[in-house]
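Common to both upcoming complexes is chain A, partnered first by chain B, then by chain C.
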Partner chain A sequence: MFKKLLISMLFLVPFSVQSADIPITGNVQSRCVITTDTPGVYGNPNAYTLTTASADGGVQPIVRYDVTLANAYYAQITTPTSFAQSPSLSDTVTWTGSTEVSSISDATNMGSYETNKTTFGQTTQYDLTATGSTWFKSSSTATYGGNKAFPGGTYTANVEAICVAK
Partner chain B sequence: MKKLYALILLLFSTSAFAHDMVPTYPELRPSYLDGVLVTDLELFNKRNDVEYYEIAVFDEYWNPVPFVTSYKILKLSYLDRIKFSVYIRSKDKDRATYICTKSRIRGESGPSTIISSMICSKLKKDY
Partner chain C sequence: MLKKLLLMGVLVFWPSYCYSESIQPYFGTTPNAAAGGNTWIMNNVLPTPPGLDINGVIYNYTIQKDVNDSAKVHVQNENVNGTGYIFRETDEWQAGSLGGTEIRKVVPVIPNLARELWGNGSIEIEGNATVEDPNVVYMYKVDPCYDPQFDPNCPGYKVQIPEIEIVDIDSIYSSNNETIEIATTETDYDIYEEDELLESDEEDEEREKMRLEAALAAVDNSEIFANAFAQAQILISMNMAIQMNSYYAANIQGGVYNDSLTLVDKKIEDNKQGLRNGFAQQLLHEQMIQEQYN
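On to the complex of A and B.
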């Protein structure tokens, strides 16, 4: 009698554990997410130039903005104007750079982003008027003064991607 | 179609290398200190190349505004989430406009560009 009772209890206990609920809670908020899709690489087509141009062995940095609220954010992307890391440089470096829309998730509502962009200095600003994802591609070229050769070493420059709430 | 797109966006947004901060429009409220207002934000680090984020407060012309937090530079491991409070003096409440977090990048080896990210929330002004 006792054995039967024990066996029936053993059956009941595991079932009671399996029926426990584990709640998953979430909170949806409007947001702008910046994703570094492709970090860039400088190619070195000649001794005095570093460039992200693919024809010269470089890779253009690509950054993605995901926006879940329309007409609420600006994307500002600034191409480098100095090296974050480099060997000691005795001459000036001339910088050029630009940013353009590389891809969009909503052709209807984002199609005008590129034509409506504003540029000031090395910074390009886009008005993110639609929800969805936008990929921006930047190019950067550094030319060493007087066509001198860049000294050997590691060169790193910083592309700044900013998302500002309107 | 919109639901499908939202799902795709959600899936995409879980990939690596992203910087995420909410809310977009935080609101200042009185703190336990006289003459000091506070607001709360949340930062999520989905960038596996970044461990540190710097907090800054600016006015509408991007001039710095004084503020206090527990840490001005937050150490945040990959896929970690942190809630933090920003304290601003009541006398600066009209001036303070943006609360930003900026990624602090480590140097890389090899000739490369690195992408620093900064997200700025805008303080609600209807208090």
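On to the complex of A and C.
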């Protein structure tokens, strides 16, 4: 009798509710890799101009896109519109810039990248239709307002290069 | 504590010890093969060590053409053993591609192609275009142990043993024949010498002695000749056996062998001498018969 009672009591005891969160992890390897090939340098042909033109002592920055999946990305490259680092500037700076294809690794499928590019503002977009590497070269010129002389100091600006998935 | 330090020391120096024991292949690149123009001679480009294996070609150039033109650019190496190319990479520049665009390529090459097969290289252009600033570089790997004798640590290295000619000593010197040869030589020499003395009117006794020596020497010589003769006879008999065997094994072709004897006279005369002999035999026979009655 005592044993039966004990068994029935066991059924009456509510079981404790347990739960667990099982993680699912995954790694997505980027199929569009951006690498700085050549950092740019501003030349200073006159007091109020900073330019990457080689004729003026500058170096054009070059960025490389390595794509392993065709027709999946756009390359968007934006030339600078402001200094990331500079002395205090009291006047406006006028920015101009452009980007062009410097080198390709596939003549047949990348040869028309340059003719098919689109430009909006300071941004140039390329349709990366082929796998391989493409080098893009940018130029940038900053002119200080009113042809004033730039204050002395270090000036740094950035070219923004991104991969945009289609 | 000391043991631990020793163990650590061994572990630290072990990898460098292992590395020094083996000969590792090394990699390299050639200078710009197209520095002197759009054709180049591979022997002037590739380094000389044996075991060199080209594993890739890196090239870049800038195309100059009208945007509406199309062109093909071939970067290639002739195949020495054939009419084709051992390496050929083609860039097809279609209409719409801008002139002034640079192409950069890294092209792997089928490994283990013999270096001798790499013929002269060139950049060939089909179409209305030109190439500027070409740069062609060959990547290669050199296996120093291509020749195992390069270093004792190479696999397959064999310790070189100087080649010594094997000589049959018995053919040069035999202790058994020494006495005979010396004796023969000396005796012959003496014989000839003494023969000359005999001719110069020496005394008869001395002549007899020398003849005796010559006779003794002749005995020795005769033994040698006898042995040689016996051996020669053995060889002859062996050869005879070989020669006769071919006759034993010979087969005579079958058929009928007709009598080829022809009697011209058809009558054979009695032999008179035989007749006489026959009479003598008959007489003797009759005498023997008569004797039994005597």
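Just a few scattered comments:
The rule is simple: the second predicted complex is superposed on the first by the 136 of 166 C-alpha atoms of A that agree within 3 Å, B and C clash if a C-alpha of one lies under 4 Å from a C-alpha of the other, contacts with A are read in each partner's own complex, and residues count from 1 in each chain.
Please note the rule applied: a contact is a pair of C-beta atoms (placed from the backbone, for glycine too) under 8 Å apart; a residue touches a chain by one contact, two chains touch by 3 or more.
Note that this is a predicted model, so its numbers are computed, not measured.
Of the two partner chains placed around the shared chain by superposition, neither chain B nor chain C is touched by A:N147. Of the two partner chains, both chain B and chain C are touched by A:S133.
Contacts of A:Q85 after superposition: chain B is touched, whereas chain C is not reached.
Of the two partner chains placed around the shared chain by superposition, chain B is the only one that A:S30 touches, whereas chain C remains out of contact. More chain A residues lie in contact with B than with the other chain of the pair chain B and chain C.
Touch criterion not met for A:T119: it reaches neither chain B nor chain C. Within the superposed three-chain model, A:N46 lies out of touch with both chain B and chain C [touch as defined at top].
In the superposition on chain A, A:T94 contacts neither chain B nor chain C.
With both structures placed on the common chain, the touch criterion links A:S105 to chain B and to chain C.
Residues 105-106, 133 of chain A are contacted both by chain B in one complex and by chain C in the other. The part of chain A that touches chain C in the complex is made up of residues 101-108, 111-112, 114-116, 133, 135. Of all residues in chain B, only 5, 8-9, 12-13, 15, 17-25, 46-47, 49, 98, 105, 107-122 touch chain A in the complex they form. Across the complex, chain B is touched by residues 29-37, 39-44, 50, 52, 61, 63, 66, 68-69, 72-73, 80, 84-85, 105-106, 131-133, 138, 140, 154-166 of chain A.
Interface residues of chain C facing chain A in the complex, by the touch rule stated above, are 60, 63, 67, 73, 91-94, 96-98, 101-105.
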